[in-house]
Every structure is written in structure tokens, then in C-alpha cells.
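Shared between the two complexes below is chain A, which pairs with chain B and chain C, respectively.
Take a look at the complex of A and B:
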């Protein structure tokens, strides 16, 4: 149409300006800043890749990476695993599907901060829900947020928070499988557990892949739970909280930016690897 | 399921199989209900405790609240001014939603319905943007906001949140708009619509469902984001509810009743709204995930 160019530019401009100012420019600037040693806002000296070499000898970043990977393991096994099991179960029950959908999904709408505070109360040593229950049945109280157990204690709300999300994704994928697939299977005598393993799961494999990538890259953004429940202490430091401490608390922008770049590269690598490992023929029906 | 009934006359083993299916169903319901309890009971526990005095919470957190004691709620409103944070949260999140829908809608319209050079590049850039987390932009954005004197103002959170959510919104809305039939556009053109009127009179009304689900998603994302809030809006007068919760956990960590009432006050309104618009939320979130 005549005069389209004007509209193309006009309509794209606000979004382009906002995103350039608050996403693209800052991202490039972070990469640039990661090559400097900074103190506060004003002084910075170019140090090349010093910040990156420093990362290799930084014990904290190794610990933070390992903690992030540990949470990732729990997320893959328990979050994605439970979500899949729950979705299979709900897909096969006769009534109450809507009820379980609603109940399983609702933690998602609650902020991580509120859930963290809830778990502060659940884990509390003196009166918390868990120790209250233990005391009631005559057991010893347990220090849930201890030096050795904190990371696992934090993984619980992290996993719990998003199970419902993946559950709904799986359930939606399952509802798209045409019923003649199941009818054919029934004629072959394939039902129950076998049906799940040989039919349902292979048919939703591409959705499982999407969920795994979402779960893995999502773990790199974990912040709220670790920050509110433990402030990154007691062996719970993850990449997000460590970056926050270095860049914002210590105002060490250069090193903080290097950690941020590391998080991005790590995330891209992990999604590429996941994609490769799960490469399979896409199922279309 | 119905399968076993339909098959019953054909097969001798039907009664036994039917019983097996029944036990399967019973186990399914047991597992599902158990999981449902893990999501319902903690909330019940915290709301219940919010109506007790802190000493009663400590003595027996499982007993039912004997009466609706409002002390904790009065404290939440008086001592930590939870209402102010609520207001801040709503202003900033609704502001973000409005800007994302307007600017995202305009850009999505172009990407969905126009052919021009560089379009495929723009598409690739948009998808790649999804891989940039807030960690990788926070320092320069903070620097910018300080220079523009926007730190600790509502704009200080609205602008970065808007920019951060535009990618998702543009991708989802454009995907929806590209399914609108071309005939609609042609008819409007013959009726004398220019491009702008076509956007406001044809594409906006027809894309209402995707705008609804995108706005819910953007709202939740903005409302629940602690990381940016801690950095860009940390003063009492502007901080949103998530920062306040963070503050409570460090400042009032021993006032159990107050903590319980703060969590209840944050969670209950969201839950009530959720029950009403649940369908849109699930749709928006799942669509966003698949597209992303």
C-alpha cells in the first residue's frame, strides 16, 4: 500500500527505542564493562580479560555454579518428573480434572517473595510447620536451614512453585493427541502404564523438550528463594545472587558484568546442549 | 474409562480388567489429592495463623484460630504500611501492562501484516532477546536511571519492565494477528480505512483474546519481580509489595503473626482474582512458553 513505509517506521519506533535503551544497549554495555576494573560509578580501567581469568580462580563462582547445577538437577528430576506424572494421572481420571488443574496451577500466580516468606515460617526452627509437626509426634526438631541442608531446603519451594506450570503444558499437549491413536492402541491391547510409556510420552516428546529447556534456563534466573530464605549464605549462593552481591552490593560493576555475561553464555550453551541431546524426529498428527 | 465398559461384552477377562482399572483410578486420586494438599494446606496454615497472636502461633501453630484476632492485620497496615506498597505495585504493574500492550501491539501489527526489508532480521533479534536475562542488563540500566534521576520513581521500574516484556508480547500478539484473514484487511481498505484506522478498528478488536492473555502474563511477571525492584525502587515510598516482603523477612523475622498476615494479604487477593480469570492465565502462560 502507498505510504506504508511511514507506518512501518512510526509503529515500530516506540518499541525499538525502548528496547534499544533498556535491553540492547545495556546488554552490549555489560559486555563492554566486563573488560574493566571498576570502583563505583566513576573510575574504571581497562583490564582486558582479567575479570574472566579472575572468575576461574574464584571459589565462590565455582560454588555458585555447582549450586545452580544442583538445583537444576532437582528441577529436571522432580519438577519436570512430577509434572509429567501428575499430568498423566489427571489425563486418565474420570472426573475432577478441572479441580486439580486449578489447584496445581495456582502457586504460579503467587510471587516467589511471598512463597519464600511462607517457607521461612514453614522451616522456622522453633515453631515452624515442619518442626511443629515433628514435635507433636515426639520427634527431635530439625534445623532445616542448616549449613548442609539449606540448598535442598531452598530447592523444595523452587520445585514446588512451578510444577503446576509444566503440568498444564503437558496436559495441554496430551489433550491434543487424537483419540484414534488411543483407540488403535486399545485394539492392540495396550492400556494403562504401557499406553503411557509407548504412546503418550513419545507423542508429546517435543513438548517435553520445550519444558526441559524452559526448566533449565529458568534455573539460571533463580533469585527470590535463595535471597529471602538464606541471603546466599550456608552454601546456597547461586549465580543470580552472587552477581547481585558483586555488582549491586559491592558496586563492583566490572566483575558483576563479567558474571552476567558468564550466565548468558552458560544459558545459551545449556539450551544448545539440551536441544542436541533430545534431537528426535518431530511428531506431527 | 468408557473403554472397559465398551469392551466388556467381547472379553472374558472384562470384570477383572475393570477392577484393575478401578484400583488404578483410586491410586491416581490418592496421589493427586496428596499433591493438592501440599498446595492447599500451607496456605490454610498461614491464613489460620495470621489470626492468632504471635505467642499462640509459637505454642501451637496447628490449632484452629479461636477467634478472628485482627492484631496482626492492624500491625501490617500501621507498622509496615502494606497498603502503600500495594498501591505502588499496582501503579507500576498496570503502567507496565498499558505501555507493553500499546507499543507491543503496534509493533506486532507491523511484523504480522507487512512485508519489508529486514523483517526476518528483526524476527531473529526478537527471538534472541529472550536469552538475555535481567542480570545482563541491570548495571547499565541502573546507571542510566541514576543519570536521568529516575531511580526510586515509578518510571524507574516501569520503563525497564516495559522493555523487558515487549519481546514476549510482540511475539505472541504477532503470531495471533498473522492468523487474521486477509479478506478482513481488504474489506476495510475498500471501505476507505487507512493503516492506522485498520489497526484500531480491525486488528485491535479482533485480537482481544491475545491482548487479554498477554496482559495477565505481563502483569504477573512485573508484579512478582523482586530482583529489579530491589535495585531500581528500594525506597519506602515507592517500593512494591515484593520488596516489602523481603524487608519483613529481615526486619520482622521474629514477629510470626505479622509475617503470616503479610503473606496472607499478598496471596489472598491474587488467589481470588486467579479463580475468576484462571482460564486466561493458563492460556497466556502456556502460549507464551511455547512461542518463546
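Take a look at the complex of A and C:
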């Protein structure tokens, strides 16, 4: 046991070093910066908790939080939902699993910025693909990125981009379920839909929990789709884009850092809540 | 044995998948770059590519590597001309390698990149950047070298530059830091063909402008192309058209000039007439420019540099006007935004580096010789900072110079006078005002508050 300690330290060290350099140090630095008013990196004045009090009276923060939560809802319902449905479907087929796995996983390897640019051309009012098709059939053009519809329009590529990732996680979890469970179910006459609801899903509940937490925290990072498709206009400002605007566009790193700290706290809170809500005995096979 | 071979095959398949996934990712990234939303790119020009050395004898010199950071890249019309100017220098000085690093000035990240570089000891040796309020911080921090003494010491260099251009870039502390290259103007670019098609009078005053907006909107042509988020030019022109030169120059620090509110109210008036693109809320400047250059929009508020990026057909049918005066305001209808708003800076770090100092200064001088200025002005449609003749310009560019010559005032833009955050607040409030969510007075009061907080 004593000899192990050396190895424990040895194996933890690289990860610990990387994490502290690229995660913990920048985070602490953000906390520190959030106490200043800054002008680029040139000057900073200590202002105490001014940035945080400003945040409480900032309407944009409230709106951005709500927009983030709205996207989160779409992500949980559609992204995780579709991923689960697809995984169940693919798990039940006899051959071609590998093909579908690759096809469904494929969008993930395309960068978000590229997908966004693709959707800029799909949604564009003047010469976008959708309006082009509508015009061909003699319909009125539709403003896809309208004041009320922008966030939903942006949610489409956001949801689609990551379905494959959760799909693969679900599929892997399902393949871990021992086949004698299914054999026993078969003998009892439980097949099809019932099998999925009463057997498969309860057996992968811990994976669903992980996926939900990943999806929720992942939504806090949504940036590229909103930025490239709508620049945060028309009711699409999310926490990520607002932080970027304040820190990078306005060069107000102090307020930007305060928003970043808020995003972290908000994210931790959300994952704690999710964990609580989904508290259930772990399944062991 | 069989088992492990299966494992191996599986492993190699996984590797193959990962590798092909990486390949796909790269493609995606490249696609993203094509949008030119401001990724930095570096083109290193090694000395080997130099073809003919200049006739003057070249001494055996230590190799020097210089980094130049500018906006002459991506879709900038002067990109090739600038690279050629750099190549001339490396041809004459084979010991010098130049790192030509560029980023689009349209990109919001441009200023951050400069701020980060200057403060992390990664400053470029020569920097092309804005003059005015944007340069305030780096000048105060002593990151760039004042040029007055250097200019005075080299009569030939100084003589090549127009004195009024040098005066235009003089900082508020009375010194010159950035050496100007080309000047610019902003204005209302108009598609004459579309005006003829609908038998409209050109928008020389507010009533004619409004009639044109109405007619175009009724006929499904975008009257005035412009985005609400990157609404720089909309703000500049509507405020100048309403507040006039003196009112615009006041900025926001001492309260809100009521004429500024008239400018914002005029934006709403034009919006209510259907004056802006339907998707103005979500498009960016590039897309707004596309609408104009593809003939979908009849007018666009742009800068002189836009001309260089348009096809010959678009240039031929374009003319430019000052934005009309808004009734009840202080504008003359001949006020123009323009001047010399950027220049080449020499970093203090390069100046203090004995190995680099002379070469960096020589490069700076080379970049601002009349010949170099001529080469750049020829392609970007700006007015040269040296007394050189620009030939073969499209009529639209000549119209632009005439507009500047006949103007009652040439004004530096608002965003060179107010704090960055103030200007973003002004920008963010354009959409809210035109849609009627807030009043012009509320919009400007909010921006004024931000200005005061930031300049305390």
C-alpha cells in the first residue's frame, strides 16, 4: 500500500498539472479579475463587488439566462430524447449497426462554426435554401430568424450537432447489458416496446443521468451557433455570447469575468439539482 | 492468440476512425475560415523567394525576423498589394524575414487580439491599428514609439507624407504615433440603375431619401442595407445627419445632445417605412454588403474600402452621397465621416531591441513611402497620405473624393470618440429603438451612463 502512494502521485500528476494550468488557474484568475473594472489588459481599477451588483440589475443577464434555459429544454427533450430513440432502434437491429453508428455520429466531427455557416445559407431570408424552396412552390418567404423564432431556429442545428454523441453513449451502455436479461424477458414474453421501457431504460439509468448532466452543462457553452447565426440579436443572447460581448468586444474583462463566474456557479447548481432529481440506486449487473 | 489479433484489428479500425474523424474536422475548420469572421492567418515570406536583389549593394547582415500585424488580409482589397510591398523590402534586405500576420478589422476580436498581444510581451514589431481613442490605452502604457523626432530626423520620409494627413493622426497628447497610409470616407452608396428603374430622384435630401425608401420597399427592393448588430455606419450617419459636426463631436460624456435623439428617431422612421432588410436583426456587415453588391439593395452605408471589394459592374452603377440632413437637426447634409483613422505603429519593444531597431524602422519607412502608399491606395479606394496620383479609379471613387472635397465638415467617427462599451451599447440599442421597445431618449441615456462609468 505504501509503495502505491508513489505511483498514485505519479499517475495523477500530469492530469493535475494540466487541469490546474488550464482550468483552475484561469478560473481563479477570472474570480480575481471580476473584482476590477478593466480597459483591455492595459488598466484595471479595483471596484469590489460592483460587477456583481451590476449583474443583478442587468436585464440582459436575466434574458440570457432564460434563453440558455430554453435551449437547455430543447436539448434535454430533443437531443437526449432522439439519441435514446435512435439508440434503441439501432440496438434492436441485427446487422448494419456499425453503419448507423458512423452515420449518426458524423455531425460531431464537423466543427460548430462550419455547421453554423451552413445554416446561415439555409435560413437566409433573401437567398437561403428554405426560402428558395418556398419561392419555387409559390409560397411567401418566411423570416426564419425572426424575433420570436430565432432561438428555436438556432436550437435545430444545436440539437442536431450533438445527437450522435449521446447516441453512441447510449448504444455502448445498452451493449453492456448481459444478454441473459433479455433471454429471461423473452421467456416471460416481454418484447418490443415493453422490453425497452421496463428493461433497457432502467438498466442504463446511470448512463442517462451522465448524459443529462453532460447535456445540461454543455448547453451553458453554446456559443458558435448563436454568434454566427444571429449575433445574439432577436432574443437569442445566451450566457456564452453575452460574456464574449462584454469581455472581448467591449474589452471589459472585469464584467466579463463576473459573468463567467456566474456561468460556473449556475452550471454547478444545475448539475447538483439534476443529480438530486435523478437520485436512484445504481444498477449493477 | 486469435483473440488478441481480433483486438488488434479492432484497435486499428478505431485508429482509422479517429484519423478519418480528424480529417473531417479539418475540413470543417477550413470551411469556417472561408467565412472570414476573423481567424488570424500567417504567411511567412522566407528570403529564398526573393528573385532579384535591388541594385544597391547589400551588406552581410545578421538575419532579422520582423512581425507585422495588420488588417490587410482575408477579403481586404489591398491584401496582395501589401504583400508585394513587403516582398520589395525583403528583396532589398535578404537578411530580413517578415511574418505577415493579419486579421479582419470588421471582427470584434481584432482589438482584443492587439490588447492581448501588447500586454503579454507578444507585441508585433510593426502594428497597423486605429488612431484616436482606440490607441489611447497603448499610448498611455508606452507600448508604441512617438514618431515626431524620427520624422524630423528624416526629411525625405516626412516630405513624402502630406502634412494634413500627419496632423489628422496626431494624438490628443500632441504627438504622432501611427504613420498614416490611406484615408477613408464613409457615405451613402447608391445603385443608380435601381433609382433609374423606378424613376426616382437620387437621395440628395431627406424627403427624396424617404420617397426612395418607400418606393423601393413597395417594390420588394431592400431600400437601405445594414445590420442592426454591427450598426456602426447606421449610427455614424444618422447621428451626424441629425446632430451635425459640432453635436457629433461632443460625444456623450457631458450628457446627451437632443439632436442625437433625433438621429435615433429617424432610424425608427426609416424602419417603419420598411427601409432596412427584413433580416437586419441577425445579418452581419458582410451579408449587408452582399445584398447591395448583388443588386438586392438600392443603398448601403459603407466606407470607401467597400469599393475595392465590388465587381466592376457594381462599381460602374454606384455613386456616393453624404447622408442627408435630418429635418429639425443641426446637420448640413454635407457632413462626412472620414479622415485618416489608422496608421503604422512601431512597437517600443522593437525600438528598444538593438538588433531590430534599425531594420524595423527601415521597414516602417518603406511601408509609408509615396510608392507604397500609392500601391495600397490604388486598390483600396482610400485617399493617399502622400502626394501621389491614383489612376484608373472607378467613377464612384472619384464621386467619393468629390463628396469629401465639397463637404462642410470631415468628422472622425463616433466610435473613435467614445468608450468601446458605450459604442456597443449604442449598437445594441438600435434594434430596440427601431422596434419600439425603448425610446431614443432611453437608448442614449443608457449609453451615456456607460460612458460616464467607463471614463471615471
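Methods note: the second predicted complex is superposed on the first by the 255 of 285 C-alpha atoms of A that agree within 3 Å, B and C clash if a C-alpha of one lies under 4 Å from a C-alpha of the other, contacts with A are read in each partner's own complex, and residues count from 1 in each chain.
Operating definition for what follows: contacts are C-beta pairs under 8 Å (C-beta built on N, C-alpha and C of every residue); 3 or more make two chains touch, one makes a residue touch a chain.
Computed from a predicted model, the values in this text were never measured in an experiment.
Visitor: Looking at the combined model built on chain A, do chain B and chain C fit side by side or clash?
Guide: Aligned on chain A, chain B and chain C clash with each other.
Visitor: Looking at A:124 after the superposition, I want to know if it touches chain B, chain C, both of them or none. Which is it: first, second, both, neither?
Guide: A:124 contacts both chain B and chain C.
Visitor: Does the superposition put A:192 against chain B (first), chain C (second), both, or neither?
Guide: A:192: touches chain B, not chain C.
Visitor: Using the superposition on chain A described above, determine whether A:150 touches chain B (first), chain C (second), both, or neither.
Guide: second
Visitor: Go through the superposed model and pick first if A:41 touches only chain B, second if only chain C, both, or neither.
Guide: both
Visitor: Would you sort A:233 into first (chain B), second (chain C), both or neither based on which partner it touches?
Guide: Touch status of A:233: second partner only.
Visitor: Could you figure out whether chain B or chain C reaches more residues of chain A?
Guide: Looking at chain B versus chain C, the one contacting more residues of chain A is B.
Visitor: State whether A:4 touches chain B only (first), chain C only (second), both chains, or neither.
Guide: Touch partner of A:4: chain B, not chain C.
Visitor: In the overlaid three-chain picture, which partner chain does A:110 touch, first (chain B) or second (chain C), both, or neither?
Guide: both
Visitor: Could you tell me if A:86 is touching chain B, chain C, both of them or neither one (first, second, both, neither)?
Guide: In the superposition, A:86 touches chain B alone.
Visitor: Please indicate which partner A:249 is in contact with in the superposed arrangement: first for chain B, second for chain C, both, or neither.
Guide: So A:249 only meets chain C here.
Visitor: With the two structures fitted on A, what stretch of chain B runs into chain C, 153-161, 189-197, 207-215 or 243-251?
Guide: The listed stretch with clashing C-alpha atoms is 243-251.
Visitor: Going by the contact definition given at the top, which residues of chain A touch chain B in one complex and chain C in the other?
Guide: Shared contact residues on chain A (touching chain B in one complex, chain C in the other): 41, 102, 106, 109-111, 113-114, 117-118, 120, 124, 126-127, 228, 247-248.
Visitor: Spell out the part of chain A that touches chain C in their complex, as residue ranges.
Guide: Touch list, chain A to chain C: 37, 39-43, 102, 106, 109-111, 113-115, 117-118, 120, 124-127, 143, 145, 147, 150, 228-234, 236, 245-252.
Visitor: Where on chain C is chain A touching in the complex?
Guide: My answer: residues 17, 21-22, 24-25, 27-29, 31-32, 34-35, 37, 108-109, 111-112, 115-116, 118-120, 137-138, 140-141, 222, 227-230, 277-279, 281-282, 284, 287, 291, 296, 419-421, 424, 431, 435, 453-454.
Visitor: Please give the residue numbers of chain B that touch chain A in the complex, ascending.
Guide: Of all residues in chain B, those touching chain A are 1, 3, 7, 20-21, 24-25, 28-29, 31-32, 35-36, 38-40, 42-43, 45-46, 49, 57-62, 99, 102-104, 106-107, 109-110, 114, 116, 122, 129, 131-144, 146, 159-160, 162-164, 166-167, 170, 189, 195-196, 199, 220, 223-224, 226-227, 230-231, 241-243, 245-246, 248-249, 253, 256, 259-260, 262-263, 266-267, 270-271, 274-275, 278, 281-282, 285-286, 289-290, 292.
Visitor: Sort out for me which residues of chain A touch chain B in the complex.
Guide: The touching residues are 1, 3-5, 7-8, 11-12, 14-16, 18-19, 21-27, 29-30, 33, 41, 82, 85-86, 89-90, 92-94, 96, 99-114, 116-118, 120-122, 124, 126-129, 132-133, 136, 160, 164-165, 168-169, 172, 186, 191-192, 207, 210, 214, 217, 220-221, 223-224, 227-228, 239-240, 243-244, 247-248, 253, 256-257, 259-261, 263-264, 267-268, 271.
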